[in-house]
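Scrolling down, you'll hit the structures one after another.
Here subunit A shows up in two complexes: once beside subunit B, once beside subunit C.
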Partner chain A sequence: MRLLKSVRRSWPYLLMTIPALVLFFYFHTWPALHGIFLSFTNWNGFGPYHFIGLKNYVDLFHDHQVLHAYGFTFLFAFVTTVLVNVVSLLIALALNARIKLPNTFKAIFFLPYVLSTLIVSFIFNYLFSNVIPDVATQLHLTALSQNLLGTRWAWVGIVIVSVWQGAAFNTLLYLAGLQTIPDDVYEASSIDGASPWMTFWRITLPLIAPFLTINMVLAAKNYLQVFDQVVGMTNGGPGTATQSVSFVIYTNGLGGGELSYQSANAVVFLIVLVIVALAQVRLMQGREVQL
Partner chain B sequence: MKKLSLAAGSALVLAAAVTGCGSSGTSNTSNTGGSTGTVSLNFLQNKPEVVDQWNQLIKAFEKQNPNIKIKQINPPNTDTTLQSDLAKGQMPDIVAMGADATFIQMAKNGVFKDLSNAPELDKVSPVYLKMLEQEVGKDTPYALPYTVNAVPIIYNVDLFNKYHLKVPKTWDELMNEAKQIQAAGGTPFYNGFKDAWTLAPIWNALAANTEGSSFIQDLKAGKTTFAKSDLTAAKSMQEFVKYGQSNQFGVDYNDANVGFAKGKSVFYAQGIWTLPVIRQANPNIKLSTFVVPATNDPSKLKMVSGVDSLLTVTNSGNTAKEQAAMKFIDFLLEKKNAAQYANAAGLFSTVNGVKNSDEALKPLQPYIDQGKVVDFDDHYYPPAMAAGNQYESVLQGALSKKQSVQQLLQQLDSLYQQSASHQ
Partner chain C sequence: MRTRTNWPAMIFLIVGALFILFPIYMAIAVAVKSPQELAQSVLGFPSHIHWDNFRQAMSITHYWHTFGNSLLITFFAVVLTVLSNSMVAYAIARNMHTPLFKGIYYYFFAAMFVPFPILMLPLVHQMSSIGLANRVGLIILYIVYGISFNVFVYIGYLKSIPLELEEAALVDGASRWRIFWQIVFPLLGPMNATVAILTGLWAWNDFMLPLVMLSDPNQYTLPLVQYAFQSQYSTNYDLAFASYLLALLPMIIVYLLFQRWIVSNVTKGAIK
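So, the complex of A and B:
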């Protein structure tokens, strides 16, 4: 009786959630489970297949291309995450200071985030291959007269684009964080004679630590899954230098007839991502303080 | 009342979500039988640059056959589209595509109709029919070759005359001419090697001519390796890269086409499919071609030429559809139509007696007519090695880093091992 009553009371909520749940399950959970299932087979996308146990997983650890992709992805994600957070924190501090036209500047700095990553990548691809070499040749800077994306520094090009675009979102979060700090804390520190540097390290940073955590976790997760930038700028080249894990999963899995093998790679990558995120949260939460 | 409409609304959403995937399939088959007797066919083709030409041919065909309707599909990524179409059970009825790994896999798995007894087989070049059968690995024709491409060296006639060059017959002659051009301050080759696949044409020409005709079988049987058989090709490749422009690994395919069109180099090592693009960038350019002189023995030289578009019919189990599809193929194989399409696409036709009218392609026609052609090597590499620019990336990486020939070939071998083990 009571159960019936509670169902009757909550049925509007159930109606609201169940469609979303069904859609989510059908388009997200089910394909994911299907992928995990496929990773234990040798299916190449069509035709018959057999179960081959853990062979795909074992092979992954001997695959130079896959291992290299993990290496590139981690290097890229680490550098980009650090740079994005430094840059966006600086922008947020500047925007939070007493400046003229604060909203205009906020809009300007947020603009890159509104653009599609692929379009940004294509634009930068053009800049790197045509504009920058031309300008560098005019200025007799031989080091930059080559297309950066065709050299072994191609990954730096991808980092630049990712930071340029990605910093906007993190800036927004930091800005929100900075606005949660009450003025009286700053007042107290200035009365005590703290330098701006000291104020930043002892007051601002600890008080926005929760935002630092979330920004680091989000950025790391985003950049570990780097894909669009690679497709738009280098297509994994030169050679295999800028092939990220997602890129390898996509190109080899869907185009190269390695559907099940790359499904196994995707499963491993999922586990890696979860471990990284958990480790980050553990490490950083210890440093957070409450007012 | 309000509650009721809410419930109905969400039930609708649910129903749509559940049936959404299947519904388009059923509507597709229902309009084929039709009371009027019209058959509608889906025709997928993979070349975005010839959409208009196909539409013209389709229009002409529909005029002759008013009860057959053909819809052209030209997806941006044919291979992925076909694979998902197959998974959904919604294959297009006729497919015009390259003889790539997706085609081979699908033909092997019985997706396409067996054309063994089709009278159309006699209308096309037997050399290329055999090539398709070899690629699939069965003695059954699952497709008809329609147009074929070729990999020559394209040259800018004005610049060629400016340096007083003559058509080289051997690899050494070509390299000497390149040296001569470089010494005079010119650029012999303009390369778009930022796109890894652009290394494929010249690599295929060199490899197919020097590695021996049984290389692929021996490789599969474990009797040879890239390191053993492709040493000459790799060395020639290394030599070739010396004569490219200084930023050849930073220029992509499109920019390379434009660069060559604007007279930045004398030669351009690309397939004949680039000719229309080059002319678009510079309508006044005078172009000609010669077969890549991959060896130092001109008598053994073969031109790399693969099937650019094949025509194939899907096994749909619907006889009316399959007959209509064959009717369309018969129409396409008529000399007039085959010539119209091949000239528009800038390719050679496989239909007996049809020649390309482009002056620039004249030097290559005898090789096609006499069957002195060899297929692209990479059509026989394992799919995981050929798809997604895998082996081209190895070439690109090794050549841009100036690694040794041995290092390059070792990487190809390990890529081969890796790819072969996941098929």
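So, the complex of A and C:
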């Protein structure tokens, strides 16, 4: 009787949720499980297949292209995550200071966020391949006169375009964080004779630490999955130098007939991403202070 | 005490703003030139604007048709996401004390950490086998994949809506559905705006999902068309840039018109 009553009471709630739950399972979780299943087979998109156990996984660890993709992805994600957060924190601090035209500046710094990453990358591609070498040649700066994206420093170009666009969103988050700190905290610290430098390290940073954690986790997760920037800037080149993990899974998995093999790669990638996110949360915890 | 302008901060912001605006200026400067003028100077502005680039770029990319695809996908993704995801979030938020709904919440939350590449390859097969490797399928995926994040932000906001209103309506004999649509949904206004903006930006600018899902070039979106026609531009940078600008322009216009509203609503969603 009680059960019946509780079912009747929650019936509308169940009707509101279950269709979404079914669709989510069908379009998200099911293909993911299917991918994990395929990673233990040799299926390549059509015809019969066999179970081959862990062969795909063993092969991954001897695959130079894949290992290199992880190396590039980690280097890129680490440098970009740190740079995006440092740059956006600096911009947020400046926006939070006494300045003229605060809303105009805010609008300009947020603009990159609304633009297509792929198209922005095409624009930066031209900047690196044509504009900068031209200007450098005219100024006789030989170091910069060749296309950066054709050298072993191509990854730096991808970092630059990612920071240019990625700082927008994090700036907004940090600014929101800074604005939660009441003015009297700063006043008290300046009465106590703290320098601006000390105020930043001892007061501002600990108080916005929760925002720092969220920003770091989100940025790392996004940049580890970098794809659009790679396609627009270098298409993985020169050679395979800037192929990211997502790029390899897409090109070799869909176009290169390595469906089950790249599924195994994707499973490894999932495990790596979860470990990174957990490690970050662990590292950052305990450094937060509440008012 | 802090009334004077902070000049070091101002100078830093001005330099930063120039750094942000320069690539956009360059894109415009390249797009309005003829190839001869471009060969002479990349960054200078020509004596007269070469509108023909835009006309040609529009005919190469079937601009209005492609724009229509992007608009259609974005419109339906946004409207249906706001209507459906808010309802799911409401049902979960009001039942978080039961293990079932708590489980559903954590299920959606955990899915945020699953990278798209792991489902990409089977998904392409699955979608084409049920005839959804097209615009409609794309709209469905935006609505469904958005649930993870949107439920999370909606629930944060739903906690701040007092239950008394709903209880009073319940006593008056209103059904749960009516309570949601007539009382709660309107109160979700600010969060609906946030979710609409974020979904709109995602669906409009996304490249990876259209790339793997759309097989018919007739259904291509604006970013995908830039990628697909890269080879047609070859070294005609003036034409390519006219096309890039045309693709970016609708969002830039929307942003300029609603800039304050967009920025404040994205902030709201982000700090929830």
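For the reader, a short list of remarks on this structure follows.
Just so it is clear, the second predicted complex is superposed on the first by the 290 of 291 C-alpha atoms of A that agree within 3 Å, B and C clash if a C-alpha of one lies under 4 Å from a C-alpha of the other, contacts with A are read in each partner's own complex, and residues count from 1 in each chain.
Keep in mind that, in the parts below, a residue touches a chain if its C-beta (ideal position, glycine included) is under 8 Å from a C-beta of that chain, and two chains touch if they have at least 3 such contacts.
These numbers were taken from a predicted model, which means no experiment stands behind them.
Of the two partners subunit B and subunit C, more residues of subunit A are touched by C. Once the two complexes are overlaid on the shared chain, A:H64 sits against subunit B while remaining clear of subunit C. Of the two partner chains placed by the overlay, only subunit C lies in contact with A:L127; subunit B stays clear of it. By the document's definition of touching, of the two partners only subunit B reaches A:G255; subunit C does not. Once the two complexes are overlaid on the shared chain, A:L23 sits against subunit B and subunit C alike. Legend: residue contacts after superposition of the two complexes on their common chain; A:V82 is shown touching neither subunit B nor subunit C. In the overlay built on the shared chain, the residue A:I99 is in contact with subunit C alone; subunit B does not reach it.
Of the two partner chains placed around the shared chain by superposition, subunit C is the only one that A:A176 touches, whereas subunit B remains out of contact. In the overlay built on the shared chain, the residue A:G45 is in contact with subunit B and with subunit C. Residues 12, 16, 23, 45, 130, 254 of subunit A lie in contact with subunit B in one complex and with subunit C in the other. The part of subunit C that touches subunit A in the complex is made up of residues 1-6, 9-10, 12-13, 16-17, 19-21, 23-24, 26-27, 30, 42-43, 84-85, 87-88, 90-92, 94-95, 98, 101, 104, 107-108, 111, 113-126, 140-141, 144-145, 147, 175-177, 180, 201, 204-205, 207-208, 211-212, 222-223, 226-227, 230, 237, 240-241, 244, 247-248, 251-252, 254-255, 259-260, 262-263, 266-267, 270-271.
Residues of subunit A touching subunit C in their complex: 10, 12-14, 16-17, 20-21, 23-24, 27-32, 34-36, 38, 45, 90-91, 93-95, 97-100, 103, 105-120, 122-124, 126-127, 130-131, 134, 164, 169, 172-173, 175-177, 183, 187, 211, 221, 224-225, 227-228, 231, 245-246, 249-250, 253-254, 259, 262-263, 266-267, 269-270, 273-274, 277. Taken in their complex, subunit A has these residues touching subunit B: 12, 15-16, 18-19, 22-23, 26, 42, 44-47, 59, 63-65, 129-130, 133, 145-152, 234-241, 243, 251-252, 254-258, 261. Note for the complex: subunit B touches subunit A at residues 6-7, 10, 13-14, 17-18, 79-80, 83, 86-87, 101, 105-106, 108-109, 111, 193-196, 246-247, 249-252, 255, 382-385, 387-390, 393-394, 396-398, 400-401, 414-415, 418-419, 421-423.
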